[in-house]
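Each of the next two complexes has chain A plus one more chain, namely chain B in the first and chain C in the second.
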Partner chain A sequence: MTVRQWISDDTKETWIYGILGFLLFLMVWQMACVFTDFGTIFPSPGVSIRTFFMAFIEPIGRYTLLGHISISLKRVLIGYGLSSVAGIIIGLLMGYSKMAHAIIYPIFCIVRPIPGIAWIPLAILWIGIGESTIYFIIFMGGFSQMVMNTMDGAQHISPELVGVAKVLGAKENQIFRKIVLPSSVPYIFTGLQTSLSTSWMAVLAAEMITAREGAGWLILSGMQTGRIENNVIGMISIGAVGLLLAALLRETERRLCIWTVRSR
Partner chain B sequence: MDSTKPLEHDDTIIKLEHISKTFIVEDGEARVIEQIDLEIRENEFLVIFGAGQCGKTTLLKILSGLESLTEGKVYIDGKAKSRFDPRVGMVYQTTALFPWLTVMGNVEFGPKTRGMGKRERQKKAQYYIDLVGLTGYERHFPSMLSGGMCQRVGIARAYCNDPEIILMDEPFGHLDAQTRYMMEEEVEKIWDREKRTVVFVTNNIEEALYLADRIIILTECPSTVLKEYQIDFPRPRSLVSPEFLALREEISALVELREGVVV
Partner chain C sequence: MICGKRYWEYSSSTTTYIRMMAVSDSVIGSRLPSSQGRTLKEKTRYILISVASLVLFIVIWDLASRTGIISAKKLPVPSKLFETFLYKLTNKNPDGNTLGIHIWTSLQEALIGFFFGITIGVPLGISMAWFRKFDKLFSPLFDLIKPIPPVGWVPIMITFFGIGIMSKVSVIFIASFIPAVINSYSGIKQTRDVHTWVAQTFGASRSQVLFTVAIPSAAPMIFTGARVALNGSWVSLVAAELIASTKGLGYMIQTARLVGRIDVVFVGVLVIGVFGAILMEGLSYLERRFVKGGRR
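Let's look at the complex of A and B:
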């Protein structure tokens, strides 16, 4: 029996190995700081952890760490929320109506490959520096993925099930709500998932350029003020929050889509 | 044309008059149904039997409204049939359940679409869920059920919509032999209790003889009526009685002779 089989059999073993790996990582980091020049350009694990906990009490810039994170989160939730709603509506429209598809899709195809952060200069020019600019950049970051996934779902409805519904008496105007919408739900969740991670990336980029607070500002200010430990804790928080958001969304999907084989 | 008009029966519920269907395919046209005249009687269990892929399913799809007609007319209760007629229900080859709805959600779909109140339609759905033996599975999703159970849901869903005519398109073709026998008995039992007209398509001669009041044998492409058998064996039928086996031989020989296909 190979080691890989052995650990995959038991989740407890996987946890132990995960923690071991993490400790090993901290050890290598610590040794690099003690025995090489790495320590001069990077804080040691001890300093980082201390700064991390201190940051909850002592403000960096205008807010504590928690404050910065909640500001970034609020921005993401607004921008991401708006882009999801708009993306779902336009995606459903393009997926369901051939007419809407013919009109919107060509324009959309040009806009789609442009990453959200490419909109930063235009957004600043149009809206100026402020919250709305950040919302706009986040909006553009997740929007096209939302549209693409939703459209995919609305286009892949089973014609057989539409037939079944019609034989059972569903009228043309009931097909959308009773068939198209529910069949698109798993695709919409895929869109929500990918769009969430790009939104989280977009907020950081936007904050680095246009904000005076938030997790993105925090990592940039760490560089500007020469306090690399602020940069490190900013990055750790970003990773943790991103992980948490994705897990939260997965759990929501698992509860809402118990019928898909995938989430069982 | 009127000279070929079949004799009218008083209890005729569906009448097919000179039905033909041509599909447009890549290299021209494909005729799948050629001039079928047929009368289906109220409360009868009619089996449409034929080897191969041609015609049978298309005929059912025409009756259900899923396919249009190329030529001919369909009458229900003497009146021309509308495209999706509420008097017609259907059970499908594949289970064709709505995967996002529970067993209850699937069975109540028809009445709900027609605007029946929640209490009334759920009571009704419960009756049919009980009838097909799925009591206790109301809140299960189709992905949690076996093929045979899904087909039971499909049957309950069709009955719950109160159609006068239920079309069944090789509903047990995908099931294993054991489940299939069980489902055939079940369908017969339900038909006996609910007394609706059933039009059942199959390519299994044993299934046809077990279930049918009358068997219509269709030819291969384009399909037309080859022969008709009235089956008067008492129910429930024995699959091994001499009369049953003799008739089975006869029909097999007939189809084999004509198509060169072993049934």
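Let's look at the complex of A and C:
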């Protein structure tokens, strides 16, 4: 019995329980605000929802909520795009050619375990505070995962396929284009998926530390000015956009690699 | 993550496949370890190249910094880093604690948060997958908090718990709780029906099916979750310490940046990398010990 069948069997129950769970959550939140000290530092659900809608019209800092979100989104897309392209190229290179692997891998191993966020102080010292620092941090956030996944994919080609291609007289670049590339695509998508979530995390941290606008700044300034409701709406909108991006990516993957049957 | 079968495995005609195998064996036969000596020699060659490349990398770094192509203020000489490392082991400048204390603080925070995240997240994920009503009650809520990056929780936790250890532990708790729930949930959901049926045919009770079939078969998935969780913990720990704290590796590099000690920043970043790698290795070791079958 797959999950999908099971949901369509009793959609009604799912909805009822879902709404019930949500109401329960709101109730606990409201009660905590009314009856305990929690309310003195944390906004009640009503206030949060009101601020959320107000933030679309009234600017917080220099921009409205939509402005902040679109700035963060732009940063993520640039940094993530660059790191994906670089990661795929280097990953394919290392996975396909043993020589490239021997040359690059030891150096890459030094960089790999360092989280993207740990680059923030170095990036600030190197580049200074500005847009390119943020791009660099996001780049480093997703880069190593991208390389690892792509390399994994390019290394896991079946030798039988390469053998057949060679027997039938394929040239090196044909083997690369027709066999190595297509069979690494699923791995590349796994990499894209994980590196998207770390990029999102990196942009938040980078904006908290160096920027004066964007969703990360919104969240941090909520803390610094004691307006926790800004903090809450920042988190909600970040979550929503992250979810949207991930769904978009999954849909692209479904269209692009029909041949992979994922066991998810 | 399992990425499906290769497409030739779907080829309907088995004979084609067998023929392909036969042909390809003869082709790649020369590359297979039939001639052990040659592959060994090739291996040493690649290792030598790796070593050479690493040495070249360090030499270029050293030269670039020594000759002033890149100012030593931006890129300290490698040997200087080693000196700084030794210096930082015993000296409290510039941030008030020795390197050992910073490492210990960070490890402590990461491991406590990770431990609680796993011990609460895994049972919750399992019960969400096993009990329908539980699933329906909590899934929508969980879907709501799932996409929020753990770093986003840092300011709220600081508001609640101050800049002490508690705020970091709770951020790391969230960072490891979420992947733990997701992976144990989908691990249990992926239990093979056939296995469940066999158990039921032999008269296993529902709880026996859970403990002897579902959980063991979900174990690799749960460990994958733990690995994602540990990675996320380490990352968000560094972020939390960068934003507000009084000790820990993230704090160390942040302070060193503020006073312009780039060598200390470098040492800190490398130490963060090394300890992240050590933690992951430890987890892989546990996985090899305790999971039967395993991945791949």
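Throughout what follows, the second predicted complex is superposed on the first by the 244 of 264 C-alpha atoms of A that agree within 3 Å, B and C clash if a C-alpha of one lies under 4 Å from a C-alpha of the other, contacts with A are read in each partner's own complex, and residues count from 1 in each chain.
Please note the rule applied: a contact is a pair of C-beta atoms (placed from the backbone, for glycine too) under 8 Å apart; a residue touches a chain by one contact, two chains touch by 3 or more.
In this text, all values refer to a predicted model and were calculated from it rather than measured experimentally.
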Touched partner set for A:188, first chain B, second chain C, both or neither: neither
Partner chain(s) touched by A:14 [first = chain B, second = chain C, both, neither]: second
Partner chain(s) touched by A:160 [first = chain B, second = chain C, both, neither]: both
Touching partner for A:121 - first (chain B), second (chain C), both, neither: second
First (chain B), second (chain C), both or neither touched by A:170: first
Which superposed partner A:222 touches (first chain B, second chain C, both, neither): second
Superposition-derived comparison: chain B or chain C, residues of chain A touched: C
Partner chain(s) touched by A:92 [first = chain B, second = chain C, both, neither]: neither
Partner chain in contact with A:178 - chain B first, chain C second, else both or neither: first
Chain B versus chain C as contact partner of A:201, first or second or both or neither: second
Touching both chain C and chain B, counted on chain A across the two superposed complexes: 160-161, 163-164, 166-167, 183, 259-261, 264
Interface residues, chain B side, partner chain A - complex: 64-66, 84, 86, 88-90, 92, 94, 96, 98-101, 109-110, 113-114, 141-143, 157, 161
Chain A residues within the chain B interface of the complex: 160-161, 163-171, 174, 178-179, 182-183, 185, 257-261, 264
Residue ranges of chain A in contact with chain C within the complex: 1, 3, 13-14, 16-22, 24-25, 41, 98-99, 101-107, 110-122, 124-126, 153, 158-164, 166-167, 183, 186-187, 190, 197-198, 200-201, 204-205, 208-209, 216, 219-220, 222-223, 228, 231-232, 234-236, 238-240, 242-243, 246, 259-264
Residues of chain C touching chain A in the complex: 1-8, 10, 20-21, 23-25, 27-28, 31, 46-47, 49-51, 53-54, 57, 74, 133, 136-141, 144-156, 158-160, 186, 189-190, 193, 234-236, 238-239, 242-243, 250, 253-254, 256-257, 260, 262, 265-266, 268-270, 272-274, 276-277, 280
